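Have a look at this one before I ask anything.
Think of it as A, B and C in the order they're written, each chain with its own count starting at 1.
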Amino acid sequence: MKLVFQRYKNPTFFLSLLLVLIFGLCALRSGAVEVNWNHWSKLFAFGHSLLFSEGVTHPLDGETYVLWYLRIPRVLLGVFVGASLGLSGALVQGLFRNPLADPSLLGVTTGAACAAALTIVLISKQSMLFSFEVRVWLLPFVSFMGAFLTCMFLNIGASWLMPGSIAGLLLLGIALNALGVAVIGFCTYLATDEQLRSLSFWTLGSLAGANWTIVPGLGIVLVAVYLWCRTQAQQLNALNLGEATAASLGVLVPRLRWTVSVMVALLAGVSVAFCGVIGFIGLIAPHLARAFVGADMRALLPISMLLGALLMLTADTLARTIVIPAEIPVGIFTALLGGPFLMLLLHTKRHRVE
Amino acid sequence: MRRITPARFPETLAFLMRRRALSRIGAIGALAFSQQIHSTSYPEQRQRIVCIGGALTEIIFEMGAQSCLVGVDSTSTFPKEASLIAQVGYARSLSAEGILALAPTNVIVTEEAGPPGVLRQISAAGVGVEVLDSGHRYEGLIQRIVRLGRLLSFESEAAILIERLNLEWNQLQASSLTHSVIVATPRRVLFLFAHSSSRLMAAGTQTGAHAMIEYAGAINAISEYSGYRPLTPESLVSARPDLLLMTDHGFRALGDLTAVLQLPGVMHTPAGQHQHIIKMDASLLLGFGPRLPLAVKRLKSEFMDAFIS
Amino acid sequence: MLKMHNVMKQLGLRRFGPYLLQIRRAETVAILGPNGVGKSTLLRLLSGAYQPSFGLVCLNDRPLNNWPADTLSQNRAVLNQSQDIVFPLATGLVIGLGRVARAGDAVCNQIVASAAAMLDVSHLLERTVDTLSGGELARVQLARICAQLWDVEDGFILMDEPIAAVDPGLQDLMLETLMRFARIRRHAVVAIVHDINHALRYFSRLILLHTDGQLECVKSGLEAKHALERLYGIRLSCLHDEQGDLIMFPLRRNKSKNSQFF
């Protein structure tokens, strides 16, 4: 008797993982600075001392510094941010049962950027009050709070508007998006020149800020959220049958909606906090994943993560190698990849998506 | 969106120099890291400078130190030779690895450069990062030339440049004394910053445009606020400018003179009625580089032509 | 026992109720009525999908509100009328989702296979639901319901037009299979049907929902003829077919002086 539920660790998962590793290694090899890989023993010895011993005793030379402090954090950040965006995109599409849903559609990323903009403009005037460490973590925390508050508002507002309706939530998200964009515009108006520097970094979206503090933080958040998601995957599958049907099957729909929203806010908020607004990956990765492994959430979530990481790696590697020694904001590449893909999607699925 | 020109010819040059220079950066980097020295001058080794800021690049060219330059940003468009140097892109979104690949000994930036994290990464690599305030004063310009001279070990050339600029500047001050006799009331000038006809901004106080207008002997028609603000037709009319000042780029974005005159509110200002519209190259007008006396002189003469006629 | 005490529901300007009814253990009840009279609303009130504006719905003497959702799903199954499955899941997965509320369900695969075999969809288990025809999808949904209540007894199955999309060849088979399944496990079945004869053949009690909102319960059989005539405003003719089952079919409307069209 054939098993009805296949184990979802099918070949696609391992293939995707392998691809991520390969792309990651290629990304490590590309960059503006020439790293002589014949010196690999020296490079890895440094890495060993960095990870396992307390401090760095011997002086750095150029390529070691670039590899260990710039490139490896950046590639890891690309993997984690791409995975976060892919995962949050899959969650959002499953939650709203809408193939075109995206965390930015809910206004979550805009809420995060909005909170950050307000902080930059209002609080950094008193920057003397905060030590450097506080300032490093203040913005990510604030942007997560912005995303989180947006989600809370979405959930409360949606239950007031149309009980149990998902379309209402989407419309509310669009309205919140508009509001967030207006607030950011107002902050730009108020900002001094110096504050504008920080603000434009946020809106452009870039992985240039990767360092060894940010990367483990994001990695931990990602792993925690993914482990949690795995327990909710079947419930999200049930939600796909319809909200009323899912409720009759014993799924607590409001609670599921709330918790998934929080997880999406966590992923999207932290991504925006560290890298600014990067679009389209949350839309494209789940679609590609669905083409390979179908819509079963138990398979879709990890594959979306891996494909999101792949997309991000590709975009970022292109962004920082095409116009050496300059760099194109990575959001442009994700849009270049994402826009035509979306049009292709609409074209092929036009009889189904209406 | 700033135009990002990929480096073409100099990239091969840079590539050849990169390999040799990498060992050099290794040595200097190690030295800098261990001794916590950020900007050192090694007279026997030539400096490799990445310069972010059009005005700073101009100063370096004026001092004759352009052979030190290995990278410039997208605003470094004058003189023409600057465009032959490797482009590191837009000042606000720099790339740490890109800059480090040029193996610089120092990176000289204006306060505009960012993101701040990238600058931190560059200095953590042992490359000195010098922030030179732009300021909108002639005295600031002189100070920057002094600092640059010291950094690049071109003190004598810097001194010569300063002397020449002081001469030009004093001539300007002298001539303005005579001119102020002719022009009874200072005229009101408004600087228009135009992305497109729907996005018009005016320069208030504490802007480069404000400083230039004052240096040229006129008054900024906008005094109620500082910085750039969107311009409404009512505020344009109530400012009563006698003259509208723009950059070449802004002028072209709007179209031609007729288009500017047709902007809402312009025909109700003295500037529009007498068609006193002046445009000037952006890097000359607002650069506050070594061409500052030249810019002020040209601005003055354009004002005089407009107001006398 | 599923009980409704004076349940009323306000939806916008329309008021439904008050309803008072009882569904006993292992009973088979068909809900009949003209379009738009509130049959689906009644079913949703019974299943707990709608909260009554007034009154209580109790399952085994416990209000539906007091039932935890997962326990409730192990005692009553609901098949809704329209299924909007957006992302195409595999059929086997859909059937297995009937048991999603059970934690640590070791026998799930077996039950899914058995339910699929019972409804004759075993050959469709690997396919995605968007490739199924209307009849196949209806059987898959029914298999999900059966999988949900496979290993319990005295449950309640609530269905809203379960065989609407199925061709006549399969309708009887599906209903027979369902009733056999329910009888073995003593599940009660409450279904909204449009076909009078299906109601008469497979259900022991009929709930008639009139246009004025009145709820009438009759025993299924010849006794229901007048009630049905009043319900639909038609005249029925009764026959017995070759196998001895009762058949009622509507007579043509009379060409009377009341008619304005002919």
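Just so we're on the same page, a contact is a pair of C-beta atoms (placed from the backbone, for glycine too) under 8 Å apart; a residue touches a chain by one contact, two chains touch by 3 or more.
Not measured: the values here are computed from a predicted model.
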item: Pair of chains joined by the greatest number of C-beta pairs in contact; value: A-B
item: Remotest chain, subunit B as reference, centres from CA atoms; value: C
item: Innermost chain, taking as reference the mean of every protein Cα atom displayed; value: A
item: Centre-to-centre distance between subunit C and subunit A (centres being mean Cα positions), rounded to whole Å; value: 45
item: Inter-centroid spacing, subunit B versus subunit A (mean Cα positions, whole Å); value: 37
item: Separation of subunit B from subunit C, taking each centre as the mean of its C-alpha atoms, in whole Å; value: 78
item: Residues of subunit C engaged with two or more neighbouring chains; value: none
item: Interface residues, subunit C side, partner subunit A - complex; value: 44, 47-49, 69-74, 76-78, 80, 83-90, 92-98, 100-101, 108-110, 112-113, 116, 125, 128, 130, 148
item: Subunit A to subunit C touching residues, read off their complex; value: 1-5, 93-94, 97-99, 234-235, 237-238, 240-242, 244-245, 247-252, 290, 294-296, 352
item: Of subunit A, residues touching subunit B in the complex; value: 31-34, 59-63, 65-66, 69-71, 189, 192-194, 197-198, 200-201, 204, 206, 208-209, 211, 320, 322-329
item: Interfacial residue positions of subunit B with respect to subunit A in the complex; value: 4, 6-7, 11, 14, 18-19, 22, 25-26, 29-31, 33-34, 71, 74, 86-90, 92-103, 111-112, 114-118, 121, 124-126, 227, 229-230
